[in-house]
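Chains here go by letter, A, B, C and D, matching the order in which they are written, and residues are numbered from 1 within each.
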Amino acid sequence: MSSKITPNIVSPPKKIKVGILGATGTVGQRFITLLSDHPWFIIEALGASERSKGKRYREAVKWKQTIPLGGLGLGGIGTSETEKISSTDLRSDDRRVGDLIVKSCIPEEFKACQLVFSGLDADVAGDIESAFRSANISLFSNAKNYRRDPHVPLVVPLVNPSHFSIIPQQQRLHSPSLSKGFIVTNANCSTTGYVIPLAALEKAFGPIESVLVTTMQAISGAGYPGVPSLDILGNVVPYIGGEEEKIEWETLKILGGITDSETEFDKNGVPLKTFDMHQAGGRPALRVSASCNRVPVVDGHMECVSLRFHRRPPPSPQQVREALSAFTPEVQTLGCPSAPRKAIEVFEEPDRPQPRLDVKGTHNGAGVSVGRVRQCQVLDIKFVVLSDNVSIGAATSSIINAEYAVLKGVVS
Amino acid sequence: MSSKITPNIVSPPKKIKVGILGATGTVGQRFITLLSDHPWFIIEALGASERSKGKRYREAVKWKQTIPLGGLGLGGIGTSETEKISSTDLRSDDRRVGDLIVKSCIPEEFKACQLVFSGLDADVAGDIESAFRSANISLFSNAKNYRRDPHVPLVVPLVNPSHFSIIPQQQRLHSPSLSKGFIVTNANCSTTGYVIPLAALEKAFGPIESVLVTTMQAISGAGYPGVPSLDILGNVVPYIGGEEEKIEWETLKILGGITDSETEFDKNGVPLKTFDMHQAGGRPALRVSASCNRVPVVDGHMECVSLRFHRRPPPSPQQVREALSAFTPEVQTLGCPSAPRKAIEVFEEPDRPQPRLDVKGTHNGAGVSVGRVRQCQVLDIKFVVLSDNVSIGAATSSIINAEYAVLKGVVS
Amino acid sequence: MSSKITPNIVSPPKKIKVGILGATGTVGQRFITLLSDHPWFIIEALGASERSKGKRYREAVKWKQTIPLGGLGLGGIGTSETEKISSTDLRSDDRRVGDLIVKSCIPEEFKACQLVFSGLDADVAGDIESAFRSANISLFSNAKNYRRDPHVPLVVPLVNPSHFSIIPQQQRLHSPSLSKGFIVTNANCSTTGYVIPLAALEKAFGPIESVLVTTMQAISGAGYPGVPSLDILGNVVPYIGGEEEKIEWETLKILGGITDSETEFDKNGVPLKTFDMHQAGGRPALRVSASCNRVPVVDGHMECVSLRFHRRPPPSPQQVREALSAFTPEVQTLGCPSAPRKAIEVFEEPDRPQPRLDVKGTHNGAGVSVGRVRQCQVLDIKFVVLSDNVSIGAATSSIINAEYAVLKGVVS
Amino acid sequence: MSSKITPNIVSPPKKIKVGILGATGTVGQRFITLLSDHPWFIIEALGASERSKGKRYREAVKWKQTIPLGGLGLGGIGTSETEKISSTDLRSDDRRVGDLIVKSCIPEEFKACQLVFSGLDADVAGDIESAFRSANISLFSNAKNYRRDPHVPLVVPLVNPSHFSIIPQQQRLHSPSLSKGFIVTNANCSTTGYVIPLAALEKAFGPIESVLVTTMQAISGAGYPGVPSLDILGNVVPYIGGEEEKIEWETLKILGGITDSETEFDKNGVPLKTFDMHQAGGRPALRVSASCNRVPVVDGHMECVSLRFHRRPPPSPQQVREALSAFTPEVQTLGCPSAPRKAIEVFEEPDRPQPRLDVKGTHNGAGVSVGRVRQCQVLDIKFVVLSDNVSIGAATSSIINAEYAVLKGVVS
């Protein structure tokens, strides 16, 4: 982690008011479920489309979570701006998230929030998220719109939170420079799952040269209504629009580093730091080839990974297993409350992990599960990785990113 | 095709009596369905375990085909040995396969058959099939027991029927030499599906250097009762026992050639011809790496294939598409009645083929479907291939092999 | 059948040009598949929404049938108005339905058609179908809009084609009376399936007093995109909007008769014939209670039926089985080409019929399958019935209705 | 609850050692999962077949629960007979249930247990359970073998724990009378789910006259390997062997009462109390008709229920909803730790409950969920009920029964 952000870890404030954009959608519902008993974050405001505006959340939403809306742990549910927060109040029956009035997704409605999560659809996220940043609001987005922006970090919290160090540059690009507003994105669900073991292996054995990944992705990754049942029941669809490209370039940005731009300069004429996927931050070249499939599974992306290291000879399967199991990301050591106790659970059984049995693993969906580590006859090593696409693959990543930002003083 | 088998194509006899071993099992039921209106083959005898022996077939079988047993096309249903066959009789209502008395799987019971198909389970197939060969009966087996035997051809009919040329050697190994008895096997279902486009590409562009294949296999590939529903409903199982190894070495035997053995000799001291997977018949080395998964699909194995050619530069995706589409196996030109009209159907749509929609394709399950031909960032080319695991992946291959043998005079 | 329509059965004309409204939708695709090799009907014109207008059908449609668009039997594919039809032409490669230019759903575009099928969605079917009738075009609709109209017959072709006798009244209601234009509807898919055995039993044993039916309906019944996969994968949804009401009143209209209206009169002051569900055509009262569920099945509605007869003592299960098996609807004896060879297939096996194995049955989806006929401890008899909701439950019914109308001279 | 068992509620002992028979099977695994953090019960001994005997549990079992064996809450895991129990020990890593040595299912091995749960298969449960009773061990069985025994209570804990009052009679039938040994069974999973709302309605509105129930049952109800995937994927099987009969008579025994036998007498010549399903304990006749279906759902039995009350006029749907929601079984008021907070959750949404979303409900699988309460056109009222077949439908019921027995002093 770059010391440029903050030299010391900050004690988290008792309660941090947060907002959720796109609150009625699939990702928004996940944010609410995960934040409903968060130790720091209090849901203060919910934003959705004009159709939902002004309604109570329970009337606006078509709730699709297995935990009933009325049964959510109520530790973090917000309160109106003028009232004092007490934990007694928060947990009282009449103050539930279901009763919050849905707001428009405009910055003025979220002024009471110290940070905002975005579960917006890509077709509206671009303008709205930009407006929130310009209004000096810290925004943690699950949308894809700004992932390719060379000044926006694309952060898988178990892999590259150090990329937060580019935020000051992102803020300086505005005139006047922003003091609090920024956008941080998390990665596509299928990228997030498999890049965690890749990062663990690069940390242990040095750079990877090439990766072939074949995914079998759950339907919940497509949101709601998402995949029509006639397309997927008893079927496999060997195509997910844009997904392969996302995996191929997001991996490069996430595992790559930050370089000084040769073409962009700040107001003082100093070269801007930037993500350059071609240079990849000075690391050796990495080639990624992805094949994406949709399968009739509700939750849990399975990915079959084969990879080749630069280092010769490559590590053995047993060394790989040990390195994966030992991987301890910074967000764990730092104490992010939503970080998994174990980042990578390694299975020895020949037929595990499996989505239906293992998607939550022992990490409750915030880590990943790896199995079948063995030699590859073509590259070096192959294995399968299973990730909970609606947790670490989506809202959970945004939340850990926000926790990290709080602990590092990026959000104050 | 080697001229050593027969210099001329033989006209098929009007009616060829055939037997089916393992007739009550999943593969056996497929043999019966496919042979029930075959233009040449007449089902003469059905063999099954002692439990079924002596019962009428309809009472012995738990029929699981979508075509009712009573609704089968009745063109090929047999008759007792002493009766004269007429096509009128054959199609009459009282002569249906359901009324045949199930026999023991011993050669004595199948003497009236000119050839026998085996859908036996591997745990009994070894001894029974060997006994049939020793009794001078031509046997076309779907079981795995003799696939690795260096003198038994492992034939994917759309790929390597030329390997039939080793049969005389197989027969000479017996004392006295067999005149009619031999064993021909077909390949594992997941090998069969993906090796057909590999063969087409090697024919067009020369040897392949390496292949990475990730399978998503249907439950029908595991027979009945097969996969417990609790294991697969809404799930993916990233493991099928022994399957990856089968794909990896079967591919070498099928795409490789026949060499003179340096260690085995016939009775005249002449080196025996043999399959040598290490030498692979003189072809350049081929490395294969497979990852096998079971998915909740009833019929149709999907396989994501990435491969690298020896030839540099490699062919373009468009050249690959054209070569696949143009592929015409010998069994087509020769006129095998069960050969597909088109061996490889190439889809242009980005999301096809799909098992539920395309498993039968325009080839009724006797060919394969390929889609998504595109460049691979790590190897050269990637695509998906879909095959009907219960047709070309199993009984249909045995039947085309037998048709080929008849046309080539190997079976008389 | 009332002699008021026609005293004699008419020989069918060699070729009858037909149109299809809503041709790109799920039901429209079924019409095309079924009509592509119809012995009488030639697809002359395809209508769809403005978005598709002017495109070739193959470009306008997202084809979802297991038979490829290019692989359709081509016996009935149309031709431009000025060309002569020959069967050679029809089957030639360049004359396929995929090349037809999609038209607007306005009567002017369908003048060359002798009858038109409608697979339109309910939100547009009302006005369009009315316009076609007013333009003196015979219309066979699968939409629900006119099913409750007291002068529009709601015809399950295996049950109540005699209700066609009300068409002259429907035509007289227009000024001037229509000579050819009329609307005939077929019933909702879940009604169609279970009302066929009810009709068979009423024919054999007299009126039924009460029916309890619990459905387990396939996803294809909801069209495309229809049911979101997140709602139904590994799930049951105990609700289908409006479906229970449809079953409850459609059954009364279909099994009921036609009475003289006491409130409506034709231009000569004669009471109009009308469907009166309360009087139910003089038959004894019938009470129907339906519970509808969606299940993760692709095709095939299963319905558990319990019923009580008026007659005491009621028939035995064996008598019921025999009556169902013997049921021969008029459309069979009349020779409608799409009528099933057997209307009701009765299974003796305890665990059949099942959707995946039996949906097509021996009747290719044009009849129904009944199993588990047994005594009910509360009413008299219970059984399960399985129907192919996309065949007899939808387009096939419209087509048999049209065939009946042709044979009876209602369409000329 | 009869005062004959115990006049006062007994304080539960701190720790009660329990055994589990059939520990490696599906039900046994559920017992272990549920008991692993039970406040009273400590798993002391595990019994399974000879094949597993002598192995560590983790090696003997093919664990199929979503909670990993190593991740179980460890509050109740046992200890060897000679060691002192401390909660520290119990939770230490080396004392996990996975390390227990599996024993034979013979009473000698379970002497340290104060009560024993049986998850045995029916083919062995009869003799084993009888031997345990004779060895004076209290046995709570999930097997079906003794359900019909007129002296064995068949207890759905939320419905008829008062039937425990027959246990003294069951014990007196042995010579000498048993002091502690008895067998209590719980009901079949599909009976359990729907009989709970029936009991609630009888309590509120008096006897029910007739019930028609159509089930859609999950695959987990059939155990492991249970239903072959080829039978159920994308399918419905309209038959579960013996299930309809079980529902029909179990309902009568559970909702009926206990009468004095006219044919059986104890040693003193006093008529024995007995369950007499024909007299049904003096209650008015109840007729039950069941139709059972297997559907591709993992967990959760859905049942469509129509019923008629004796009372005229019958209650309205709203009265029924209120009575269901207000239902408070004795096991709740008594304080059984595994009793649900709410016995019956009533949904107002038209499309709920659904198995995938609601199987655990707000009662964590220990209660049931009811929805769609509405009038029935044939009987009086209809609704759907969803129950967690592996919780309240199986092991959870045995456990609540045991808790009740402890609180009532039946087990000491």
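Points worth noting:
Note that a contact is a pair of C-beta atoms (placed from the backbone, for glycine too) under 8 Å apart; a residue touches a chain by one contact, two chains touch by 3 or more.
Note that this is a predicted model, so its numbers are computed, not measured.
By number of C-beta pairs in contact, B-D leads when B-C and B-D are compared.
Using the average of C-alpha coordinates as each chain's centre, C ends up farthest from subunit A.
Centre-to-centre spacing of subunit C and subunit D amounts to 47 Å, using the average Cα coordinate of each chain.
Put simply, the C-alpha centre of subunit B and that of subunit D have 50 angstrom between them. Taking each chain's centre as the average of its CA atoms, subunit B and subunit C sit 43 Å apart. In subunit D, the positions touching at least two other chains are 64, 233-234, 296, 298, 356-357. Residues 64-66, 68, 70-71, 233-234, 298, 356-358, 360-362 of subunit B touch subunit C in their complex. Partner subunit A is touched in their complex by these residues of subunit B: 210-212, 214, 216, 231, 233-239, 241, 248, 287-289, 291, 293, 295-298, 302, 304, 306, 350-357, 371-372, 376-379, 382, 384. Against subunit A, the residues of subunit C that register as touching in their complex are 64, 219-220, 224-234, 296, 298.
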